[in-house]
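Chain naming follows the written order as A, B, C and D, and within any one chain the residues start at number 1.
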Amino acid sequence: MRKPDLSVKIAGIALRNPVMTASGTFGYGEEFAEYLDLEKIGAIVTKGLSLRPRAGNPMPRILETPGGMLNAIGLQNVGIEAFLEKKVPFLRTIRTPVIVNFFGNTVEEYAALAERIDTIPEVAGVEINISCPNVRHGGIVFGTDPKAAWSVVRAVRDVTIKPIIVKLSPNVTDIVEMAQACAEADADALSLINTITGMAVDLKSRRPALANITGGLSGPAVKPIALRMVWQVARAVKLPVIGIGGITSGTDALEFILAGATAVQVGTANFMSPGASQRIAEEMEKWLRENGVADVKELIGTLRV
Amino acid sequence: MRKPDLSVKIAGIALRNPVMTASGTFGYGEEFAEYLDLEKIGAIVTKGLSLRPRAGNPMPRILETPGGMLNAIGLQNVGIEAFLEKKVPFLRTIRTPVIVNFFGNTVEEYAALAERIDTIPEVAGVEINISCPNVRHGGIVFGTDPKAAWSVVRAVRDVTIKPIIVKLSPNVTDIVEMAQACAEADADALSLINTITGMAVDLKSRRPALANITGGLSGPAVKPIALRMVWQVARAVKLPVIGIGGITSGTDALEFILAGATAVQVGTANFMSPGASQRIAEEMEKWLRENGVADVKELIGTLRV
Amino acid sequence: MQFKSMVVFNVEISPGYRRVRLTAPRAMLEARPGQFVMLRVREGIDPLLRRPFCVFDTGTFSPEYPGTPRQHYFDVLYRVVGKGTAILAALHEKDYVDVLAPLGNGFDPGDPREEKILVGGGIGLAPLYYLARELVRKSRVTAFIGGRRKEDVLCVTEFEQLGIDTYVATDDGTLGTRGLVTEVLEENLSGGEGSRAVFACGPEPMLKVVADICRRNGIRCQVSLEAHMACGMGACLGCVVKGESHTEAAPDYRCVCKEGPVFNADELSWE
Amino acid sequence: MQFKSMVVFNVEISPGYRRVRLTAPRAMLEARPGQFVMLRVREGIDPLLRRPFCVFDTGTFSPEYPGTPRQHYFDVLYRVVGKGTAILAALHEKDYVDVLAPLGNGFDPGDPREEKILVGGGIGLAPLYYLARELVRKSRVTAFIGGRRKEDVLCVTEFEQLGIDTYVATDDGTLGTRGLVTEVLEENLSGGEGSRAVFACGPEPMLKVVADICRRNGIRCQVSLEAHMACGMGACLGCVVKGESHTEAAPDYRCVCKEGPVFNADELSWE
């Protein structure tokens, strides 16, 4: 059989295959260059960026949990200027789309940053993080209130022609309502899920195991929840969806695609094995070949219910 | 050191230790009698009961997931009359409090069933399931809307003098708001969490892995989410809290107690090992002894943040 | 009961199929044919749930250590299909597993004067050998064994050693008759006489056909079913099948783990 | 790099402490003292994350099989503390682990004319032996080894075999001086002369005291730190420590995995 076609287009961005790396789990790409071929994955989503550098939360910040992990990094990042100066030069050298994940504390900050990113030619698209549960002041309210989400997305839309992906929080009663608000604000695509707020206790010290008390749960443990939300959103909303949450294999990725995702992001699996994203793309290709599917796009949303 | 005191009181029910079995995972107690001493656990919560027998969902109904499981039993149960006739006679013979978990499709059904249970002397208390995600018509709306929850709890309160525990759904943006509504309706205690709505796909058949499409996620995978919600609710609401979600060891149970729970329920762990609940109680006692804690009640909500 | 078992041996008997021998308390010798066990193949959360397997055999052996008492055991015949069975396959001698056993109802051997007819497809042989061992003591027994290819036809030698007439069919004709085991069964049944009883285990489509053949021939048929299980003791209601009178309004669900895994074929709704 | 390693041996060297030898590609021989590895001790999701361990030693041996080429290896010295290390402890010869290595910066050996002073507490010895092996080639080396009890004092023989003056202290006096290793260190330092460099690894309270002693004595001090890690390559930002200039407004966080695990003590904020 011919080599199956794995290419997809999401929010106007052409990807050689549907496997992207999830923000915050793949640094700025460079860190992983030794372990995989960055030109064999669909896209790189960089660590959540803010206008100014951010310190992030105190330590400890991460903890293994059953089948998953909690993180409370607190969106530590180098800030837009250092990103331009120190990270973009490397990203420029690889022929893989770069999507910049970013956030702000106010609608104005989101817009100001989006305006700045709009001028960086190396950036194929932006992913608005309205959903990080580890930031106290900002973020969180946008991720759980449809009106606030609408305002952020619309403000970003007004200042950039780059494709806009909005990354949704799972910490809501009704994810579809959130998705619809983003669609109405003219987002180009949706990605979900971000981490689920969780907590761990260290019995010995009788303290929270994370300095921030709560953190975001990710990894295989959350996969069933992510898959359910992707399915709900993909059925209800016209925008293309990027499935995220606990993907560690080609099979996992294809399950999200059947449930309605056009592409996927790989997060925690990068820690389990730094070459995971490339391997997942290869496993997808193998499955398509073995099952006589010529084009991955034929599978999107074809779950038989 | 003296034998530590593990007894707690929840909603006026005296428990010899804080370990209860979670509804739907321990049948009607009798099934497990061969594997543990039912008089060594705190209480038995029976399978969710309805007025009339219920068929439940088609097969397949359960699936293992990373660190957890999905179930879509659909609240199959024998109905109140068969419960009285076939299950109560055994429960009468053991000296361990029995708590009846129940649900209805309407406020009236909840009240009618509560009125009926009110007359069963063997029942120490009731647990209102407002949160089962596998019932299409009923349940679910009560579990995600504070006003609806209030109505159900108040209707039950009006017809029973039995202690009322309300079991909360984690599928909400703000669990504290739900807890407060139940407190205002005069519940005696809260138990959380019920299962989280999830989904699985069978890539081979390109179908949902569960006949019901979605199911409820439980087991160790959900523990960080459960612990976070217990902590949020216990801090915000005056009612005693029963912690549920992924508890498989005495350490897990004590973590929930530090986070604010007065007692815990053990669910999926009963499948991993049918004697789990008794072992967990024993592990708690051992920890208290080794750490010089004379009374488990001294630990409730004492997490140092 | 619940007990820890030590692996005595764990060998491949055909490509993809293995037999594991596990130490057991004496009471395990009384397990009835058709009953099953739930194995926890490894500590921890991966895999989370126990895996159900039929009792393939039970017995007693003398350990090699001088002076040690005789040791009881049970065997499991299994096919490596996924995570749990792969981990089981990798266990070495002296590794431990945790066991719940014996579970379920088991076959009803019925009247010894009947001719006993066993029908097994692939790994469906697992409960039938132990049953055959019991039945041959008092009854005439015939076995029909099917599989996709030669490698999927299990235990023919064991059955023949019990002195049982054994018919074999494979889909691809690499062993015995080419075709479905149910076709061979039907041919033989139509020729037969006297009162007979069928005991079947295998893939659902096969069981359905067997049930149908038996219904048409007026033969009592017991089938051993599989279902995804969490508890194995009738508590979770995860493993049900529809009973013959099932309707939405008057549900008739039976637990495979508790009321089964063996059912009279005519008790079930075959849809 | 990432590679699969076979377990050559895996032995207890003191109650609760073990040494595992793992096969490695040639490039592993160039790992610098103080660098570390991330081990995936088992496939699957339990444990989910890799576990970080220092390189305890590297080398080459001749396998017993005739005609096979010499085999490179690295060793890890580890304490069994939780799930991951328990699984590692249970690995047998010929089992496999997956390795990312070498990671982190490693110690800067500095000017060979300095006296090199190693300070290790408990499992903190892990990176120091490999360092000592390198340092003794050109410098005078002294080692201070501490532990709670005798069993926690590791590798004294190995250090002595390198011809290193070795001082031992235990909290309970079961080996060497009774008291803290830092007390013994301080005593000896105050007597000493000439330019010196300290290399320390162990529990944080110990490192803090060592850093303080060095600061007061004007001695350059390198410390090897631990932190919970997910990626091991500077991507997740899970493993940071505060740099010396850290403030909320002008954060100065350093990744232990990438910018460390070895830091100059005066680069860090010791609070």
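As a convention for this text, contacts are C-beta pairs under 8 Å (C-beta built on N, C-alpha and C of every residue); 3 or more make two chains touch, one makes a residue touch a chain.
All of these numbers come straight from a predicted model, not from anything done at the bench.
Colleague: Between chain A and chain C, which partner chains are common?
Modeller: Common neighbours, chain A/chain C: B, D.
Colleague: With centres defined as the mean of C-alpha atoms, identify the chain lying farthest from chain A.
Modeller: Between chain A and every other chain, the largest centroid distance is to C.
Colleague: Which integer distance in Å separates the CA centroid of chain B from that of chain D?
Modeller: Averaging C-alpha atoms per chain gives centres 47 Å apart.
Colleague: Using the average of all C-alpha atoms in each chain as its centre, how far is it in Å between chain A and chain D?
Modeller: For chain A versus chain D, the centre distance works out to 36 Å.
Colleague: With chain centres defined as C-alpha means, what is the inter-centre distance between chain C and chain D in Å?
Modeller: Result: the chain centres lie 54 Å from each other.
Colleague: Considering chain A alone, which of its residues make contact with at least two other chains?
Modeller: 66-68, 219-220
Colleague: For chain C, give me the residues that contact two or more of the other chains.
Modeller: As it turns out, chain C has residues touching two or more other chains at 45-46.
Colleague: Draw the chains as points, connect those that touch, then say whether the picture is a line, ring, star, complete or other.
Modeller: Topology of the interface graph: complete, with all chain pairs in contact.
Colleague: Note which residues of chain D are touching chain B in the complex, please.
Modeller: Listed in rising order, the residues are 45-46.
Colleague: Of all residues in chain B, which touch chain A in the complex?
Modeller: 65-68, 70, 144, 171-173, 196-201, 203, 205-208, 213-215, 217, 219-225, 227-228, 231, 246, 251, 254-255, 258-259, 287, 302-305
Colleague: Flag every residue of chain A that touches chain D in the complex, lowest number first.
Modeller: Per the touch definition, chain A meets chain D at residues 24-27, 31-32, 34-35, 47, 53-56, 59-64, 66-69, 71, 73, 76, 219-220, 248, 268, 270-275.
Colleague: Per the contact definition, I'd like the list of chain C residues that touch chain B in the complex.
Modeller: 1-2, 40, 45-50, 98, 100, 227-231, 233-241, 246, 248, 251, 253, 258
Colleague: Enumerate the contact residues on chain B facing chain D in the complex.
Modeller: Those in contact with chain D are residues 66-67.
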